Amino acid sequence: MSGIGTGYDLSVSTFSPDGRVFQTDYAQKAVDIGGTVIGLRCNDGVVLGCEKTVVSKMLEEGSNKRTFAVDRHAGLAIAGLSADGRQVVNRAKSEASNYLSFYGDKIPGHLLSERIASFVHVFNLYWYARPFGTSVMLATMDRAGPQLYVIDPSGTAYRYFGAAVGKGRQGARTTIERLKLEQLSCADGVKEIAKILHQVHEEEKPFELELSWICEASGNEFRRVPADVVAEADRLAKAALDESDMDDD
Amino acid sequence: MLARPPSHSPALGPGCAGPPLAEASSVSIQYPAQPTAQVPTCGAASFLVDHNAVNAPGRDPSQHTQMPYVTGSSVLALTFKDGVMLASDTLGSYGSTKRYKSFERIRKVNDRTVLGASGELSDFQYIMNLLDELTTDDFCEDDGGMLSPREIWSYLCRVLYNRRNKQDPLWNSLVIGGIEHGKPFLGTVGMIGTHYTDDHIATGFGNMLARPLFREKHSPDMSEADAEALIHEALKVCYYRDKQSINKFQLAKITEAGVSVSEPFALPTRWDYKHFENPSANAVGTW
Amino acid sequence: MNGEMRHHAEALEQELKQGEISLGTTIIAASFEGGVVLGADSRTSNGNYVANRVTDKLTQLTDRVFVCRSGSAADTQNLSMYVQHFLHQHSMELDTFVSVKTAARLATQLTYQNKNMLQAGLIVAGWDQEEGGSVYAVPLGGTLVKVPFSLGGSGSAYIYGWCDKNWRPSMTADDCRRFVHTAVSHAMARDGSSGGCIRTVTITKDGCKRTFTPGSEVPLHHGELQGAARTMQVSA
């Protein structure tokens, strides 16, 4: 990062001479070094997948959740600092609940993403605040069908067909670009995400797959992918990896 | 987006939208806090009522108690061997006008709880919104957990009691039925926070018309079929003798298998007794 | 506020309430295949005095949603303006039409949260993509009820029977408009607080169409005579 040691990086209230807000860049950096998170908008729904590095042998399985439902029709996956991410999750929950209470209808995806983005953005405006070290992926299902959004630490929100953030994003994006997403079902999307996460994962430490989706199979509600489906995807991904390893040898 | 005050204001207590925190006002500076016996010394902070928020300067402390507009009549409920049964008609009365004939007054709360309501139906809708928020919170937790019927009942007791303490009651009698630890749960709350659990419950007119039947014929270990027959009979009596009722009912059953709320149905009624046609024939001089 | 002042304010409030201008009113909204029809009379009275004989009680909220107003004219006018404001704000952030459900929800919330202060019985009706034509009743206490058709105002008591008998689920737009029109005319024939002209709005996916029936052309019912002015016009 060019800014290191050149000043202008102590607060989000000061631009650098070349027009950057270094604190925001550093927050993005915190996301970039975190576990990979992938989202795919398939033809019948959205799948979100996280690579959760197992930091200790004594860690309980399934702890350190990274995907969260924020309403029945919307959910988030958080990349980067998970403690920061949970703050965003809480805000998203109350935005969804407020909208429902005020307008009597579930919040459309594009509005939820806008509101999360506004919230995140505020932390880039004041000297006493620190931007969130998290990018969140938002999966929604509404009148406009399934949608996938990514909101980054600067408060920018984009809608994607497929997205990847975190450590393995480069490799993951290349693979996602080759997928025919409009022909891909969520059931296959789960397998693809497992495969990509195994592909981009750096050897030594083991990792846990956390997958959530919103599609017909989950009753059009944002839910964890059932354990047996994840296990099967995991098995297939490992088999594919072994196969390609043998090809390499 | 306009900010919605949280449904339960920490300053005003459950069931009141309002400020999130006690706000220091000139009142509290002028009159320093007095030792208050009603404030719990520990725990239950979220149910602590800030009297400065209640009697904020410039605010009229007494709100006029409203009268109900659109109302529902009796809800009947009883336990049986495998669960709980609730029934009511589907009428929303407007004074004595039978205005809304398909108003569902019995609603599923979650996979093991059902709520039935009589009284002001706008307040019932408000209460359902509160419960739906809680149910969505449970959904977001995504751990399969949900509020138990007793928890929901306790919660509603707090909400209704707190609102009556604000001179602004929710004008309802509620019946909460469900399954808890494999056992039936049946409880009720009134508009001023009166509450109890029992093996059979009826609100409103039903308390006079159906409860005597229940006392005579109900037993907690009766079969589902017997319970259904009994509740049908009680519904019929309510229909004959409660002016604010129609022959269009819904029946909810909660068992270990889950919750079901029936489609509206009508019950057969009898008007063909011989003496009905000419009641004075055998009692000369009467009308 | 000291005791004396409060007493004075309450007395004034009482006085104002008593003289309040009220929409005696017959209002109705009915859904049909693909849309809704709303209808109303045009009388606004202040005690026995007809303050306005050509009132428009059908108020537009959005492109495809109207509201029928009954109760206090002041309350319902301001309520409608609030709802219009919120819906307008909301329509700018949505990429589609605002739903009838949302319009109805805003109306109920305002009515429910201020039930002690308002005298407003509303019927919100319109067309949207998800539900087609829909009618939501928002009576006095702020209950929200979705219904196939709804009546409101003092005149409604006189026509419940007729409407229950004659409403059918799949009418054409024309039949539905005739149903609404006839219903209002019957209410006006018996309710002193309803009268004047008949206004209707038909809302479908293609838009809103208003009709206006002047008081002189309102259908005659039992015991009524044709006005001379109209016969003269015809003969002239």
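Letters are used for the chains, namely A, B and C, taken in the order the chains are written, and counting of residues starts over at 1 for each.
The rule is simple: a contact is a pair of C-beta atoms (placed from the backbone, for glycine too) under 8 Å apart; a residue touches a chain by one contact, two chains touch by 3 or more.
Note that the structure is a prediction, hence the values are computed from the model and not measured.
Viewed as a contact network, the protein chains are fully connected, with every chain touching every other. By number of C-beta pairs in contact, chains B-C lead all other pairings.
In terms of Cα centroid distance from the overall Cα mean, chain B ranks first.
Most remote from subunit C, judged by the distance between CA-atom centroids, is A. Averaged C-alpha coordinates put the centre of subunit A at 49 Å from the centre of subunit C. The distance from the centre of subunit B to the centre of subunit C, each centre being the mean of the chain's C-alpha atoms, comes to 32 Å. For this pair, subunit A with subunit B, the centres built from the Cα atoms lie 42 Å apart.
Residue positions of subunit A touching 2 or more other chains: 102. Residue ranges on subunit C touching subunit A, taken from their complex, read 90, 93-96, 99, 101-102, 104-106, 109, 129-130.
In the complex of the two chains, the subunit C residues touching subunit B come out as 108, 112, 115-116, 137, 139-145, 147, 157, 160.
Chain contact summary for the complex, subunit A toward subunit B: residues 68-72, 93, 95, 97-99, 101-102, 115, 221, 223-224.
The residues of subunit B lying in touch with subunit A in their complex are 1-4, 7, 129, 133, 136-137, 139-140, 142. The part of subunit A that touches subunit C in the complex is made up of residues 102-105, 108, 110-111, 114, 143-144.
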